[in-house]
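Next, two complexes with chain A in common: one pairs it with chain B, the other with chain C.
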Partner chain A sequence: MSDLLLLVPFVAVVLLYLLPKRARTAGLWIAFGILALETAAAFIDRFATIDFGLLAPLGKLLGFHLATDGLSELVILCTGLVGMAALLVARRTLEDENEKFLFANLVLVAVVGINGIAMVRDLFSLYVFVEVTAVATFILIAAGRGDHVFEGAWKYIFLSVVASVLMLTSLGFFLLSTGGITLDAARTGLAANAPLAWIAMALFLCGLFVKGAMVPFHGWLADAYTAAPAPVSVFMAGIVTKASGIFALMRIAQSTLGGATPGREILLVVGAVTIVVGAFLSLTQTNFKRMLAYSSISQMGYIVLALGGDLRLGILAAGLHFFNHAISKSQLFANAAAIEKQLGTLDMDEMGGLGARMPVTAGTSAVASLSIAGLPPLAGFWSKLLIVLALWNAKEYAFAAVAILASLVTLAYFLSLQRRVFFGKPLEKWAGAREASVGLLVPAVALALITIALGVGFPFALKILMGGGA
Partner chain B sequence: MTIEIPQSFWLYFTFFVLLLVDGLWCMLATRNLVRILIGLEILMKSVTFFLIAAGYLSGRMALAQALVITVIVIEVVVVVVVAGIILGFYRKHDSLDVGNTRRMKG
Partner chain C sequence: MIWFTLLLVVLVLAALWASMTTTLLRSTLGLALASALLSVVMFSMGATLAAVMELSVCAGLISVVLVSVASLTRPRSIQEELASRRSRLRRIWPLPLVLIAAGVALSFVHAPVDIVLHLPKGDGDVRTVLWSLRQLDLFGQILILLAGALGVLVLFRKEAKDDD
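And now, the complex of A and B:
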């Protein structure tokens, strides 16, 4: 099955181009169906053990093989859910049929990359799939109609190339120091304390920090998210940046660093700095999407910080925060798409009192905001609690304090967002504003329901996760 | 398993660093997008060279060969996409000045 996760979206892209021009409107729904299947695949028990061996020849050539575990299933589930939401948003916000077709295709290409990242076990294949995802995303951003699309895409490309150079140099050092590029070989090299192996690891981590927009490499993210068309920012914020930067870090922390001290300290410091800088930059924004982008940077910092804590609990906490943030942030970007479509602007200084005009958008965005800020009983509270516990168990009290204090800043900027956009007296200017169409509300409501359900049913979910050894 | 680093490594390494600095200089010293793309290419070439050298010195030539071929394929795709984006850029702003990519604030 793991090879099907790569082959099905890939073959679908090829087949979609064989469709006659008139039938291309079906492209969006075909992509939707594939992502629905992918979501279902994440729930099939032991689906990792079924392998049709379709990619075996390639594997022999490059020494690459696929394996799934709890973490891969998490990414596959998130990809399915976020991808479906993005496609629904695209259906209502992209105007041209050709644009919709292109969007569906590129999402499928990016899904190939993300599924690959979720399942590979060596550093070179990881790099290849990260690059596949990135190239699809460059085109997605640049194919938009906004004023700044090329600027956003260019900044992403520029830093991505820097990340590629860092990762490939690191692979060279791994070849020299350990003679292999699998995660296990890297682990043996690090355990032997070979200085060259640690240099290689540091370079690879730097590359992933660029991809995951950790401070001080965060410059590209806010511009790329703000410039991208609405459905693209849903998809990017939901899964692309997370899978290609943060998930790769999770995989390396789990199977290569294994709680070794220098690696843990790098993750703790970078995570903490990112949380604080991202949160304070977010406070000063006036553009709806830009504020969400800086909030994303800050929340990615939480995931990286959790990886520096107690290994087992840290991975669990990081995985849960990964899921919660993927759901809530893509929902907030879907809300942003609804507002942009109705008002034609994203400047929060011009908004006010929209709660009365757009009750569903206001309600769902409040759920997502409060969940990310960590208010019980929503899902975000539990993952933040686990992050603090993971740090406490590892005796990193100072970093636990940073995590708690920064979540107050998170609450501050989300309340400021809600107040400026939805609360207050309805403005005369927006007297004609109406609630967005049902097609745009479905993804927002569905994702908000997931957040609430996971929050309320969390004790049961945790039991399943712990039992499954995720 | 640790591999002894032979003396000749430093020769390769020096050349790699020279190419890398060359590429970076090419990217930073100009405001023309096409020249920056050429700089990106030089950077990638330097890394490809380093991978080959690393494979040769560690006796894993077969692995290094597979890696380098894959890297070259990826590079081609990236160049095509980036060149397309530069073309779109030129059509929009009627200029190749990188200053046009510094308009977003915050």
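And now, the complex of A and C:
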């Protein structure tokens, strides 16, 4: 089953090129179908054993060393949901059929990379799949139009290369100190307190901090998200950055660091600084997508902060916030796509009073904003509560206070966004503005419903998560 | 020993060529050659796993370099080309001397610690390493090349559209 998550999208990319040109309009829907299957697969592994008949030997043919657990399934689920949303946004925002076809192909390549990151148990393989995702994402950003594409794409690829150098150097040190590059070998080296193993781990963490846009390595993210075409922003903000940087950190915290003191302290400090800096930078933005980008930095800081708390609860809290943020942030970027499509601008100083003209976009964006700010009973409230509890259990009271206070700043910048864009007196220049097309509203509404449903039904979800030992 | 020294010299020359040439294609070829030679050096020193990783990383790196440079640059005029070559030579000419001096100096230095490299299982046979131990990475590198090919398709088409 695990192998199929790599092989099916890969084979699909190759087969899509065999389609006659006039049939390529179906490419977007084929990719959508594959991502729908991926979403289902996240549940199949956990809840049922299914005989895939003829397909099973195909997966075993190559004998990849993969393993799935609750964390892998979380990433696979988010990838499926966010990928489908991005494809729907692409359908309504990209201009010609060829652009849509290539977008679908590159998303499928990135999906293979992300699935690989979710399932590998070896640091070099992790690096390889992070690179697969980075190359596909770079092309997606660079394919955009506008003056800022060069800056966004260049910063992304340049800092990706810096991260690669750090990670490869780290692998060399791991080989020297432990003789292996599996997560288990790294854990053995760290448990033996081998200095070279700790240097290697510090370098690998720095590489992942760059990929995950942790402060002070966050410089690339706002430019990349802003420069990218609308569906690419949805995909990047929803899953790419999180899987490449943050999920890899979660995997290492769970499998390798195991609550060891120096690693835990690094995660706490980096997480807290990232939350605060990201939140205050969000407050000062006037561009809709740029504010969302800095907000993403801040929220990913929460996930990393949780990893420094009580190990089991911290991983659970980080996983839940990972999911909530993937859903809500890709939804907000879908809202941004709708606004940009209708108004042709994302400058919040030029907006105002759009709530009356775009009620669905306004309503869904309010749900996502309030959830990310941590207001009950939405899903974001529960994940932030769990993060604070994980820190409290680990007696990290100061960091718990930072998490709570920064939530107020989050609320402040999202209220400011809502006020500037959707409330107030409608501006004369937008008198003709109308709600976005149904095609753009469907992903936003579907993602908002997930946020509400998870918030209201959280006790049931928690029971399932705890039962699965996520 | 003579073969080994010769390999190292060609490796350094290929790396210098990659950094000093002003043509993207030549630079990429130089990088590929340097990487392949480095892999051969590693094989001959018995570090098969490191050699396979070097090959694997370089395959990905070359596609990234090609795609990113192709998409982020514009062709230069002959005058710009000549001016750039002169300024590049002025900046880079000490590099070979520094490399040779560093190599000579390092050959006299003995590492203060006795580092033991634990060889992974299957090391020594490149087929075992490639097909039995690292086949997942090989799959990953094929994907990077596929993404690179898609990138060339997307970005060159975009460039053509922009030119129109």
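General remarks:
Keep in mind that, in the parts below, the second predicted complex is superposed on the first by the 450 of 470 C-alpha atoms of A that agree within 3 Å, B and C clash if a C-alpha of one lies under 4 Å from a C-alpha of the other, contacts with A are read in each partner's own complex, and residues count from 1 in each chain.
Following the convention adopted for this analysis, a contact is a pair of C-beta atoms (placed from the backbone, for glycine too) under 8 Å apart; a residue touches a chain by one contact, two chains touch by 3 or more.
Source: prediction; values computed, not measured.
In this superposed model built on chain A, chain B and chain C take up the same space, so to speak, and clash. In the superposition on chain A, A:Asn393 contacts neither chain B nor chain C. Once chain A of one complex is fitted onto chain A of the other, the partner contacts of A:Gly179 extend to both chain B and chain C. In the superposition on chain A, A:Ser255 makes contact with neither chain B nor chain C. Of the two partner chains, chain B is the only one that A:Ala194 touches; chain C does not reach it. In the superposed pair of complexes, A:Leu106 makes contact with chain C only, with no contact to chain B. In the superposition on chain A, A:Gln418 makes contact with neither chain B nor chain C. In the superposition on chain A, contact of A:Phe138 is made with both chain B and chain C. Legend: residue contacts after superposition of the two complexes on their common chain; A:Leu168 is shown touching both chain B and chain C. Judged by the touch definition given at the top, the superposed model places A:Val128 against both chain B and chain C. Residues 62-63, 124, 128, 131, 135, 138-139, 142, 150, 153-154, 157, 161, 168, 171-172, 175-176, 178-180 of chain A are contacted both by chain B in one complex and by chain C in the other.
Remark: chain A residues 61-63, 124, 128, 131, 135, 138-139, 142, 148, 150-155, 157-158, 161, 164-165, 168-169, 171-173, 175-181, 188-189, 192, 194, 196, 222-223, 226-227, 284-287, 290 touch chain B in the complex.
Those residues of chain B that touch chain A in the shared complex are 1-3, 5, 9, 20, 33, 36, 40, 43-44, 46-48, 50-51, 53-55, 57-60, 63-64, 66-67, 70-71, 74, 77-78, 81-82, 84-85, 88-89, 92-93, 100-104, 106.
Across the complex, chain C is touched by residues 6, 10, 13-14, 62-66, 98, 102, 105-106, 109, 112-113, 116, 120, 122, 124-125, 128-129, 131-132, 135-136, 138-139, 142-143, 150, 153-154, 157, 161, 168, 171-172, 175-176, 178-180 of chain A.
On the side of chain C, the complex with chain A involves touching residues 49-50, 53, 56-57, 60, 63-64, 67-68, 71-72, 115, 117-120, 134-137, 139-141, 143-144, 146-148, 150-151, 153-155, 157-158.
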